[in-house]
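Chain naming follows the written order as A, B, C, D and E, and within any one chain the residues start at number 1.
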Amino acid sequence: MLRLEGVKSGYGGIEALKGVDLVVRQGEIVALIGANGAGKSTTLKTISGLLQTREGRIVYQGEEIQNLPPEEIVKKGLIQVPEGRRIFPKFTVLENLEIGAYLRRDALGTQADLRYCLELFPILAERRQQKAGTLSGGEQQMLAIARALMARPKLLLLDEPSLGLAPLIIQQIFEIIKIINQERQMTIFLIEQNASLALKSANCAFVMENGHITLSGKAGDLAQSVEVKQAYLGI
Amino acid sequence: MRNLIILFAFALFAFIPQAWAAEPILIGVAGSFSGDLAPYGIPPKNTVMLAAEELNKKGGLLGRRVKIIAQDDVCQPNAATIVASKLMDQKVIAVIGHICSGATNAALSVYRGKKLLVISPSATLPSLTLNGQNPYFFRTIPHDAVQAIRQADFIVDKLKYKQIAIVHDKGDYGKGLAHQLKEALKKRGITPLLFEGVTPGAVDYSALIHKLKRLRPQIVAFGGYHPEASKIVTQARKKGLKMDFISGDGVKDPSFLKIGRQFVEGYYATSPADISTQPLTLEVLKKLKARGQTPGNFGLQAHAAFTALVKAIQAAHSTDPDQIKAALQKNEAQTTLGKIRFDAKGDVIGSGFSVYQVKKGAFIAVD
Amino acid sequence: MTPLLQVRGLKKTFGGIQALDGVDLQIASGEIKALIGPNGAGKTTLFNCLTGMTRPSEGQIFLDGATPLKGLLPHQITKLGLARTFQNIRLFDSLTVIENVMVGAHCRFKANFLDAFFHTRRHLAEEKEIKEKAYYFLEVMGLLQQALNSAKNLAYADQRRLEIARALASEPRLLLLDEPAAGMNAAETAELDQLIVRLKEEFSLSFLLIEHDMKLVMKISDSVIVMDRGRSIAGGSPEEIRKNPAVITAYLGAEGGHA
Amino acid sequence: MRKELLRHLSTAFGLTLLALPLVGMKVDFIEKTLDWRWGRLMGVFALTFSLSWLWRYLLVHRPQQARSSPAPGVLAARAHLLVNQRVLLLLFLVLSLVPWVAGGYQVNILITAMAYITLALGLNIVVGMAGLLDLGYVAFYAIGAYSYGLLHHYLGWGFWQSLGVGGLLAAAMGILLGIPVLRLRGDYLAIVTLGFGEILRLLLENEADFTFGVQGIPNIPKPTFFGFRFDYEGGIVFLFYIMLGILLLAITATKRLQYSRVGRAWMAIRENELAAQAMGIDLTKTKLNAFGLGAFWAGVVGVVFAAKTSFINPASFQFFESAIILSIVVLGGMGSVLGVVLAAILLILLPEYLRFLAEYRMLLFGALMVAMMIFRPQGLVPRLRPRYERDKASKA
Amino acid sequence: MDGQYFFELAFSGLTRGSIYALIALGYTMVYGILGLINFAHGEVYMISAFVGLTAAAICSLLGFSLWAVLLLTLLFAAAYGAAYGYTIEKVAYRPLRGANRLAPLISAIGMSIFLREYVILAQTADFVAFPSLLYNLVEVDFLSDYIGSGELILTLVSLTVLGGLFLFLRYTQTGRAMRAIEQDREMAMLLGVKVDQVISLTFVIGSALAAVGAVLISSHMGQINYNIGFLVGIKAFTAAVLGGIGSVAGAALGGLVLGLVEAFAAGYVSSDYEDVFAFGCLVLILIFRPAGILGQQQSEKV
């Protein structure tokens, strides 16, 4: 569904991605793990068009999408939930969800999705008129995911959904990620530095180090591999 | 054929400035040619340029060409001192300017003690001549006190009004004139009901209008230029106020009539004696119009300053400042302001004030 | 023995929301205390109250059992010996690494702008000392190589270390660390815990740290305090906390401590 | 290529369309006339068409790092070489020869330029170092000038006494203004300082009984040399050396402060107020220091200004002056002394030397300001970071 | 105290205030979205007035009725104001996105100088007459003691436009996108908002509103020159800050407060001090409410 071939990109004079190859297959949950500064977030930003691809190709459903403007990529159903949630704090919960559907013109479908999101996250339904800035961290993360769902993504890109959240909340969020993946057949590309957590829920995974993919394979296999254990699970 | 050759030679002579024998005589023009106050500085520059061109066409001055050096002081004291020292470095024999009293004051500190003739067309601050520190400073415009006394006399003696409100535009001309009027009225035992300034360019003057409506003065004296004057009188008339208005020469301007239309009927303005019918003035106005220029508020004063200077140089047959000074004070010169000369302090004689009133869309002398 | 820091009945409301609802806390000299709790429990608000960045609505804070901290301004508290790091790193981005640490030493020196202008003896002596100190702390934190780089060009983990170096330069007695391991991988976290223990020994420091990484918390802390919805709901040794049922429901969830 | 051509043609067409009612037509509502001025419009088209090419070319070739990190480039490295003490001293020696070879005009504008450099160095403390956006800086300049004007008029004080008092008075006002606005952040501070500048100017205008209002204060004397009074030329040359001395002091102060405890505290506040507080920096004291010291230089320059023009009025202290001084600081590259000097030369001397352009002078000046910001947003000379290298002795 | 006088001044303040509010919107929207004080906004106002003059003259030459002249003038001025706003953003601000905060500010000051000089060169430095399009357009008897018909129209139009904008921002998807960009530009981009386009639109709307204000005020005051934008710009910006910059309701409220303060200061004290009161009021309010009347104090997360 999504394939990166030798992608290079970076900020200013710094090259953060030094030729990345990876594949995301339809219907799977794919995890990208690695230390901070390895280039995981840069990978996502490059896919969603916030950063320029300097070299290589990004192929999505058979179409090259590198260097399209972000809104074109969003239109194709590639939606990102960025690191740190980034909800709009001055909007109400409802407004946050509505702007998620910014590019959509089908009022009926949007309404249906709104109902679905509020069922998926009952706490959001409870707080629909509350300013999003007053939500707790966990609720904000849920809102961020729900907002992305409102755009009816084909491929959902999640950046560090567990960052700064308490373990209990993290569990809830990962359960919901699995539900979305199964109920809506949504493909999910997940970035996590909490490797054990990511490998538990993903089908397959890539390990990133210093701007390169160093390992890849089935999530279960990787969890057992010695290198991963040592470097990321601290076992 | 021979005639043609002569004509050709003559034409050649006329079109090649290098043909002039000696070095040109340099005369400076200083004032605000850019910035907020450019509308007051540009017309004087234009009229002096015009006058100089005409003069050169007629053979120049003392057999030499006259060259005008125009310098922009933006009406700021600092720029004025810079411009003044630049004109000094270039060895001009006289300066027509500066425009604003403040800039003139600053520039005079550079010229002072230098025997450089300075003739301002517009700086009306009384102390510039009256303080006696600037023996080579002249002006073709009477200072504020002269005009203010004329206004006070007219209001008190002719109109017999005692309820007077004074409004000004906070600028150095407007507030200066208003201040002098207040002093003049004080001498006659009258305290104005109101003395305050409006901000030029504000979006609305209705607060002031309502205040006037409540105070019910018989006349409002406005110190300032015509744009504000017409805004105030228009708003007052639209609100149904019927009191009289009087202003100084800053208001007696054709655009005041055009812009104010029916609302400015009956407005009084003091201004130098009527000159618009004199042939010389008419001719200058016509030439200006042909160039797409306007005389503005001080263009004719600047033209007169230049003419008077030229006449004085011709009379003295020298560019020596003391001799020119003596000629300026002794000889009358026919100018766009009429026949003028200067008194011992440097103020103009011959350009007195009349009172005009707007009647049927024109300024008519009433006193 | 009087505790180094004592907090009694601390309360804080933000526009109707009770962020702190009576927190009690004691830190003994030389102790590493961990503060855990779910997001929104009020941990960072507590930090802000302790360091004077937020004014508590009620309650008391004492240093050495005698010096009240409540009502003091942040810089006064720092001078008394409390230093902190921030959850979302707050470095002086465009200054160099060494300058960052030199700023940290600010409150221990006196030269004013006149000293600087006239290059008085005080100024020159102090500048020399500040610089040496700053290099020393960089060395401790292993950032010597980066000294002349811009702070913003550091790697994430180095930025966290620089924050600690900067805080150390203010010569604190109690160091408050807000999620020092956030964004670090397991190997880096392991380094961090050794470092904290080392600092404690070397500078006879006490610590109060907010952390989500349970492994780190369990490994290095002498005691743990758990907060939930603005209250301290439990306290004790790491072992006790791990078994406390109230803590498990509020925070750790069914999976227990091995996340 | 054809696409490029089309692009520039359409840009030029669009801009000409914009110019149509202003450049191409002139109406007089009273005379009911409408002039078409096609010639001028064609000129606009030709001009915008060629400018469009140039603009595009420059934008494409704009150095990439201009947008991201202002890495100290070659220019900065060279600048560092330039501004060592010895070169600076040499520069001053050369400058001090100017009055002997040039006329009053050159001396006059050089005083002005040096005055603006000093003003910019003062504002640089507030904006560049401490990061407090001050749009009313001209107020302190006015306080200095009026201190001299009024002290001279009412008490007969001379230049030298007033110089100290003017500076200190401005500093005191800076601190006084600083107290209520300390809580304000960024642009709120900007508008309040702008308001303060306007209020001060309006008070100077309105309180005519004390300040002489819009008429201004004339006949302010030039400085004397141990009681010796110069003629105008001598006075202005003497003032030139005084200003040179003040500038030298201001540069020394700026450079020394950058490498000091107080200077680092200012920069820390600029970078991150909260972290600065947490590092034990007293916000109030440090900010007031910056306000006071910045205002001090403005006050001192104000006194010199009053002596130079010998006449002051409120109109000399308008918002535009604050804007120009701020532009010098930003265009120079905040915090760089050499940058400030270069920018002051550009912004103060350029319009002076552009006089031959007459009425197009200010138009070009405005356009240049925009262009310079776009092609060098980080300033002409980015501040070089102080290099605190470890002493050899302690390394061993 | 004289009740009638009080109401007269109140209406006078309302007139001023509604104009300040209208122009303040341009500042507040641009500030909200870019964090930039758009110093050239006052110049857009001024240029629109000149365009309005040209349009009004042409329309009257063509012999249209007074209402038609007014409408067409408003339309033309708004279109041109919008086009100028759009161009200014594209030339002077867009290349500076991501540069340090002060660079666009200086660029704006340069732009403002450029535009003033441009109008002087293209038109004139003199005051020129602007037709009185509002006077005698309607007769309002019951209020005529307090407020003229022109002022009434001016106030009503301003308030209507303000209300319309408020609804636009609140209830349309584009309006919502604007507010989203205000809060988090990159995130808005990730939701498919064409950020550059929306920013341009912000300039277009703000400038069109300033143009409407310019035509109304010019026909109220009867004259324009190249300098009219400066004072109005500063006042409108003050109003925006007073109300809490970034907030549309704040701009409206700030404009009204400022207008009333000025009118009462002029009426009860002296016009000499109306500006002193205006800025003094700003300083006072900001000391007690550092983010303006309606501005939310940004509680920075530590």
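Methods note: a contact is a pair of C-beta atoms (placed from the backbone, for glycine too) under 8 Å apart; a residue touches a chain by one contact, two chains touch by 3 or more.
As the structure is a computational prediction, the values presented were derived from the model and not from experiment.
Number of steps on the shortest path from chain B to chain E, with steps defined by chain touch: 1. Taking the mean of each chain's C-alpha atoms as its centre, the chain lying closest to the overall protein C-alpha centroid is D. Among the inter-chain contacts, the highest number of C-beta pairs connects D-E.
Mean C-alpha positions place chain B and chain D at a centre distance of 34 Å.
Measuring from the averaged C-alpha position of chain B to that of chain C gives a distance of 73 Å. Inter-chain spacing, taken between the CA centroids of chain C and chain E, is 48 Å.
As a whole-number value, the distance joining the C-alpha centres of chain D and chain E reads 28 Å. Shown for chain B are the residues in touch with two or more other chains, namely 34, 170, 197, 255, 258-259.
Annotation for chain E: residues 117, 120, 129, 272, 275, 302 touch two or more other chains.
Contacts with at least two other chains are made by no residue of chain A. Residues 2, 5, 8-9, 11-13, 15-16, 19-20, 117, 120, 125-127, 129, 132, 135, 148, 150-151, 217, 220-223, 225, 227-228, 230-232, 235, 262-264, 266-267, 270-272, 274-275 of chain E are the ones that touch chain B when the two sit in their complex.
Residues of chain E that touch chain A in their complex: 173, 176-177, 179-180, 182-184, 186-194, 296. Residues of chain E that touch chain D in their complex: 31, 35, 37, 39, 47, 50-51, 53-58, 60-61, 76, 80, 83-84, 87, 91-92, 95-96, 98-107, 109-124, 128-131, 234, 237-238, 241, 245, 272-273, 275-276, 279-280, 282-283, 286-287, 290-292, 298, 300, 302. Within the complex formed with chain E, the chain D residues making contact are 14-15, 17-19, 21-23, 25-30, 32, 34, 40, 59, 62, 66-68, 127, 133, 180-181, 183-188, 190-192, 194-196, 198-199, 202-203, 206, 274, 319, 323, 326-327, 330-331, 334, 359-360, 362-363, 365-370, 372-374, 377-378. Across the complex, chain C is touched by residues 34-37, 134, 136-138, 163-171, 193, 195-197, 231-234 of chain A.
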